[in-house]
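Per-chain residue numbering starts at 1, and chain names A, B, C, D and E are given in the order in which the chains are listed.
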């Protein structure tokens, strides 16, 4: 019969999306391909090999990267846990606690880490930490990460909380649940998908951070980004490509998992 | 990371009435102490006297702001003229950030639209495809971009091989490379809020417009864009603000040749110049610009909300 | 159900202000035990607000609420022996039907097996035993409504509050659920306070109705009182359709008055409390008007419109002073229905007309 | 409005499939110019789908749609001289009322002042001149509904499609808007195709009704035809309430049949197309039943329930074989209404009963 | 047992040497890196002093840090290998009496040119400051104010840290004029850009250039006739070092010829220690970068006083604006 009039379709949008994907993936694919390059130099193709993957685990820099990866994960998990908790509490205050003094200011505050350019945060934190004698180390990184992860955790959590009508909690209260029980037994489970994506976002943001970490980190403490930066600025080495490829695979695994979790959450 | 993150949420319910201050306290404590105070200290530093080779002397001085706005010649003893150096650096950064924002918007809107109009499960897969690269470290992404576009990198090799060009395209160390880097760094911050808006967009409006004789592109311009505007604005802010202070892309892809605000600030604290009050002053000027933009946006937003 | 029945909920001079806006003004209601009591009124009149103050989600600005004689002002919602069926049901989406019903019981401290047993009983009552393991999202609107009811009934509350529980259902389903609700109320003997803006719903289900408008109680009474003896113009107009005639009251006696009709005829009819001599309104229901020969009729006019309603025909008659009266004529083979343009007389029984205050 | 009136919309054997699901099956309708035509049917029956194919938002799997004789299959929605009033209005939230109404005019190429002038006229027609500068969000549901109407009327379409435009309004408002819509249709002479699932709405407003169920047209006819001469059981049951008696048809003649009632009595009544001898259903509307003395009545039973509806009283009579019949008795002083438990006879006029196919 | 925290240049010490020290002394070694003397100074000033034990500043930076009071001192007796230091490096102007520092490596900063891209004479600073057409837009310059301005001064034939206004103006003008011919600024990328071909010429340290050559770049390191920069990097004992004992052990370790030779073999500069030769590879011994023609003038970078330094800062900012 006749062609279907689809008001959702715009000519060219699909092409742009594909182009967009191409631009996003081209560099990564190049990295993946070259990680299998059997050559000391990235500029010369020396045939297929897994030697750089061996190098990642047993090469001279392996120890450094292992420690850095561990640091990154420990910091990212802790920062994500704490910032998710703070963000959940803040979202409850801002969306569920009616009016109170300083509410709009609080709103600005929660989003502030997002608004202050990263370099300013980095420099300001460094100076402040040394001014108050808060010695650079693990803790400084952790604290700084918690701060800038809060708005990222807050966004999906608040979005989710906003979409949950408070009538469920009222119903719980009507059925003899205290406020805390209503929160724990009703609101929290309903929020789970938002909290999970807030956590993941915070985790990834923390795992990714370079500028602030580089400024506030203590002597000799490396996270993955600072370690990679230290080793890569002089020029990309094939072992870095191998590390990146591994990270990409881990990420894909992780995203896939979180996606499956999210989908399960959505079904309910 | 749905849109509307900047505006305050809804009219608010009161289920935990009275607990607000207690619940917001942890956020206040940690952000207040570890962000507001440091930024406050920066503000103070910007009004202090610089110490030679880094550091501050606790004496009030407007020298940092003077240096920003007035040109007193190479030797600092000429009558003051307007200093264009830093204004130009700001201008360049703003221009770069704005270009990157526009670039992200022109690619990001159609992408977000396309994704939001897929059916349920396809939509998830598309979103997934767009976000995966962002699970790889920004640094690695930027470096791989650098690797890709260098004069004899894979891109040029490919283009030469296809015969599309007969000498390598020179992209690396140009403003275009910085653009590309910024685009690559922040695209999802554009796509996701717009996606969230478009997903909520009620296609009955498009149908109503078509019913009232509007073609699709007219509908896009007169109906869709104004209605999903909050998502677009949120996306623009989320791309613009970090681009303004961007540091990696100009450094790695732009060849560190031209100062951007980020590298200018860094230089004051880490580099040769070592002028802390000046670095603090630049930071404060940058911060106040960001705040002005955000305040204007928030005001526009609340005006719009009030009128609904 | 006489006035000796104990008072379940006693609302005394309740006033609720939101800022400068008064949502409830001096509301006093005595709702009896075991009663099916309905709050009826237009959107925004304060029905939900009143219900929420009883449930404890709002506090009164002034006035008191007593539950079986005890002032409950200081009890938080989770301490009141009152349960609510919410308008959108508010079933916990992450719990199956049984868990939803068990929730209140467990909050009251019942053990898991105890609560499960009771939940089973209540689900039996609402005929949902077969659905015990479903999630709310896997059920139709009507079934969800019954789960909400079961959940609220399970803890055996003294008073059950229902906030427009039927408004999300479609016509046929609504009619079916109405009957069920009424039966359950009779079986359990729990006091129901039911909110609706649908007068038909109110009329079909309730023992007594309070008509509310603008935050104030307009009239409290049995369904028949409300329909047939409305206190004022608002109630007459809101409950069903009515014809309002501007009349001059000349002879006000005990519950009776004589009025001069627009056409000049006089008419004697019952008067509501507060009627006074002078200008007044006479209310006559369309079904209490009859089409009669012009000669000797108290009112007459021309048929200007006929609306076919299936069960009935509405005949609109425009009087000589251009007021429009509606007469409802039941469609049956033996009724003669005049054509458009016919000149007809209108008759009404004295008992069916009522003199109203504004 | 005779059959010589030109056909505005001619739907021929329209079938619409979504994958394997058939939303419309062989629908043929001839909607006349200037007609107020209603599509009536339960939720999910395909009403909206049909409307959307006329507007051009969906394409038919099979069949054709002609607009004043011209096949419009290849016209995109923005080229069809057909406008729609959407169920949720779909008013452009960022434009004020005037701009909303001007939109279609400007899209058709009218200049700003021209469009503004016409918008003013149409807003006058829907009595919203005072609201010209408001944003849709600043208006009540009823007002929004009228803006949507004005917007759709402004370009003077040949056909106006209305998809349950009143469903979001509350009872009183709905009644008021119904009248207005009818008047506007009469004033403008535009063909209205109106979708609803509310049978009362359909009956009060339409010239003709098409009853749809399961994607198929069940019956097309005037309001009176549909109510009083339903084609089948579905139509009888869907339009208003009805009492359905299982009978045995013994003597089927031209449009007439004799049936044996449950109690054993016999009864002669009109038959619908397709009736056949053997088991059948007899449909009698509650208002067409009467309570009569037991002696000599064709049916008899015990009053088991009385429901007060204001205008009327529903009396439920349980027959001896436990079927429940409803009799609608108008509330007026001279009707005697039996009490619960009374044994009564039921009468019905032959003309009011109808023999149906399933 | 214990720790050692090193603040070091990038790519300047092989992991094996650190591991060896760690194994020998049972010390856990951590290292952060920097890419310019100034970056190191700034970061120590901004609060990191007190978290590192040793750093490796260049000559003039040792003087500056000493002046800022950022260095601790030691007695020569604390270092059993102190005597291994070559006599010419045993007492130096930037650390009179070697109270806080020991030599690490010394070398030169000049530039290298890709011989595929340019075949003319390269032993002139004009390659950088007045480049031939073939090299225009293909030049990387170190992101290091001191070395760039020193080399530029030599190109102009003016003294470092000059106070003469005309000379300073000329310096400013030179850089403004040539900036457009430069592709990028970067120290840590200096080798990579030559290897990858992103740049056809680039300022670079001699050892770094040797490494670039061994990685396949067809480049030649220049010894310009106008002069070039020489430097000595030194291991210094930082003030408030958290592990002073281990720092001393580390310094002593680095005065061991075999250990410092391993570093020389890796970084391809020159050690200032006696007895190193036997441990050096032939590659290092014969590298043209490490064997300047003896008549060529090399100069240390000078630490300017505040007034000149402020002009230098302005010139540098002008260059990058």
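The rule is simple: a residue touches a chain if its C-beta (ideal position, glycine included) is under 8 Å from a C-beta of that chain, and two chains touch if they have at least 3 such contacts.
Quick caveat: nothing in here was measured; it's all calculated off a predicted structure.
Student: On the document's contact criterion, could you list the chains that touch subunit B and likewise touch subunit E?
Tutor: Touches both subunit B and subunit E: A.
Student: When the contacting C-beta pairs are counted for A-C and for A-B, which pair yields the higher total?
Tutor: Higher C-beta contact count between the two pairs: A-B.
Student: Using mean CA coordinates as chain centres, what's the gap between subunit D and subunit E in Å?
Tutor: It comes to 91 Å between the two C-alpha centres.
Student: State, to the nearest whole Å, the distance from the C-alpha centre of subunit A to the C-alpha centre of subunit B.
Tutor: Distance between chain centres: 17 Å.
Student: Please compute the C-alpha centroid of subunit A, do the same for subunit E, then give the distance between them in whole Å.
Tutor: Result: the chain centres lie 38 Å from each other.
Student: Of all the residues in subunit B, which ones touch at least 2 other chains?
Tutor: 152, 207, 210, 269
Student: Among the residues of subunit E, pick out those that touch two or more other chains and give their numbers.
Tutor: Each of 46, 196-197 in subunit E touches at least two other chains.
Student: Tell me, which residues of subunit C touch at least two other chains?
Tutor: Within subunit C, no residue contacts more than one other chain.
Student: Flag every residue of subunit E that touches subunit A in the complex, lowest number first.
Tutor: Interface residues on the subunit E side: 5-7, 10-11, 14-16, 30-33, 35, 46-48, 50-52, 188-189, 191-193, 195-197, 215-216.
Student: Touching residues of subunit B toward subunit D in the complex: what are they?
Tutor: Interface residues on the subunit B side: 202, 204-205, 207-215, 218, 222-223, 226-227, 229, 307-308.
Student: Could you list, by residue number, the parts of subunit A that touch subunit E in their complex?
Tutor: Subunit A residues touching subunit E: 40-44, 60-61, 64, 126-127, 129-131, 135-137, 218-222, 230, 233-236.
Student: For the complex, give me every residue of subunit A touching subunit C.
Tutor: Going by the criterion above, the answer is residues 165, 167-168, 170-178, 181, 185-186, 189-190, 268.
Student: What part of subunit C is in contact with subunit A in the complex they form?
Tutor: 55, 57, 76-79, 82-84, 86, 88, 90-94, 103-104, 107-108, 135, 137, 151-152, 155
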